[in-house]
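First chain written, first letter: the chains are A, B, C and D, and each begins at residue 1.
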Amino acid sequence: MYTYFISPKFGDIDGLGHVNNTVIPSWFEQARNYLYKLFNPELDLKTWNLILARFEVDFVSQMYYSKDVEIRTFVSKIGRSSFEVYQEAWQSGHICAKGKTVLVHFDFIQQKSAAIPEDIREKLSEHLIAAIDATAN
Amino acid sequence: MYTYFISPKFGDIDGLGHVNNTVIPSWFEQARNYLYKLFNPELDLKTWNLILARFEVDFVSQMYYSKDVEIRTFVSKIGRSSFEVYQEAWQSGHICAKGKTVLVHFDFIQQKSAAIPEDIREKLSEHLIAAIDATAN
Amino acid sequence: MYTYFISPKFGDIDGLGHVNNTVIPSWFEQARNYLYKLFNPELDLKTWNLILARFEVDFVSQMYYSKDVEIRTFVSKIGRSSFEVYQEAWQSGHICAKGKTVLVHFDFIQQKSAAIPEDIREKLSEHLIAAIDATAN
Amino acid sequence: MYTYFISPKFGDIDGLGHVNNTVIPSWFEQARNYLYKLFNPELDLKTWNLILARFEVDFVSQMYYSKDVEIRTFVSKIGRSSFEVYQEAWQSGHICAKGKTVLVHFDFIQQKSAAIPEDIREKLSEHLIAAIDATAN
């Protein structure tokens, strides 16, 4: 697990006074930079090798403008060519949103998925959690 | 089912030349305005009565800058106080993304969920699909 | 002048109940697609030839969730290699925001600005306004 | 002057491989949180007292995905009820964008601008620069 802190900005707040739901996928994406660097240490788009296949987000509790949000990022599954990232957004001591994102290691030249190299697999494993429930509840 | 057309804008495209994944929840949100008006005909935030509880999106195929995107919106489930919206994004004759969003009819004064009124339930039913697979595949 | 209509989405509204200021540059960008097509009829990023050098926006009056916004787009200046776009956002019969954007016709291979071709210059001229004040006031 | 660091996220990058221009107003907004707290220490939207009247941004040089961006924020003018914020975005030792934003101290109950209180004026003055050129060039 690793953490990333975000300060909500004025425009992240919607007409009900809460962080708008469409903001969370962007925050999660920003917090995944660390994992992306395992695959692309220089974050070089010319040699990019990941595709986002799916995400889901559960909105547990409202988030507000005035406090920083802590994004906690875990690896929840590692397959042959794909892996799943589990992330939580916490504010003021409460979990407020949680989500899963599936990413595929992709060979853009051959246009097909490719096995995750062993050295990256090992680094991903360091963030692996046995069970999501242990964290979220 | 109803449709909504969106023209991608320059900044929707990411470094790989495709519509970025974080854009889709916003497009789906925009296309849900029609359903929101069933609950709030004037889209008045002061009497707002819906909470978004969850969404998920599957990215099936890339979308590009140059062609309009058609968002198809269905109601896929109707519960006592909540309902599920199923949406698809189509471009150039292909389905490119599909997602589900769960919304809860909420009483912000009493701070609890509230049964969906019968007249709204009827209107929602007009967009109900029997099976998602019939559409997406 | 040409017009483009946008339906605000829930998340465009900020905590004060108005369209957030950071949304307007995106709306203006979306409405400029028509002008971009004069330079790139297929909106092909591989042969893209425009750079955005500057923009400014004046926020005249609040915009709300419930009504469509009309974006009016004009060409306000045409130079050798650059041109200026003047845009207004109208809602419910009022001008609510106005802005100028400077774009440069750019040769990405030679990495320098390039004269606007005559045929494009002519098409741009069709949207030219003599004086901005005539429109905005 | 105070500084705020931002890590670009994947979706901030557009089809040309650069940070999209519409992202900068959001980054500047986020960096202004510090100034907003001078007016609203709790960032409480219910007692909010600022209106954004205008912004302008000059795009000097491209920004990329792979390096953090430093936002430098100054106060460039202080009037009776309004003030101007001058901001720069730096990446890899270069200034890449600079902008000015005009904010008005506003009484939302009386619906009119209000003089900036003396204690806030003093704190704003601590970030005042004599001449923008000294910094930007």
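Here is the rule we go by: a contact is a pair of C-beta atoms (placed from the backbone, for glycine too) under 8 Å apart; a residue touches a chain by one contact, two chains touch by 3 or more.
Keep in mind it's a predicted model, so treat the numbers as computed, not measured.
Using the contact threshold fixed earlier, the set of chains in contact with both chain C and chain D is A, B. Of all residue numbers that take part in the contact between chain A and chain C, over half occur on both sides, making this a same-residue interface. Farthest from chain B, judged by the mean position of CA atoms in each chain, is D.
The geometric centre of chain A is 22 Å away from that of chain B, both derived from CA atoms. Inter-chain centre distance (chain A to chain C, centres taken as mean C-alpha positions): 34 Å.
Chain B and chain C, compared by their mean Cα positions, are separated by 28 Å. Counting only residues that touch two or more partner chains, chain C has 10-11, 13, 15, 17, 21-22, 26, 29, 45, 65. The residues of chain B lying in touch with chain D in their complex are 10-11, 13-15, 17, 20-23, 65. If you check the complex, the residues on chain B that touch chain A are 15-16, 21-22, 25-26, 29, 45, 48, 51-59. Partner chain D is touched in their complex by these residues of chain A: 7, 9-11, 13, 17, 26, 29-30, 32-33, 36, 42-45, 65-66.
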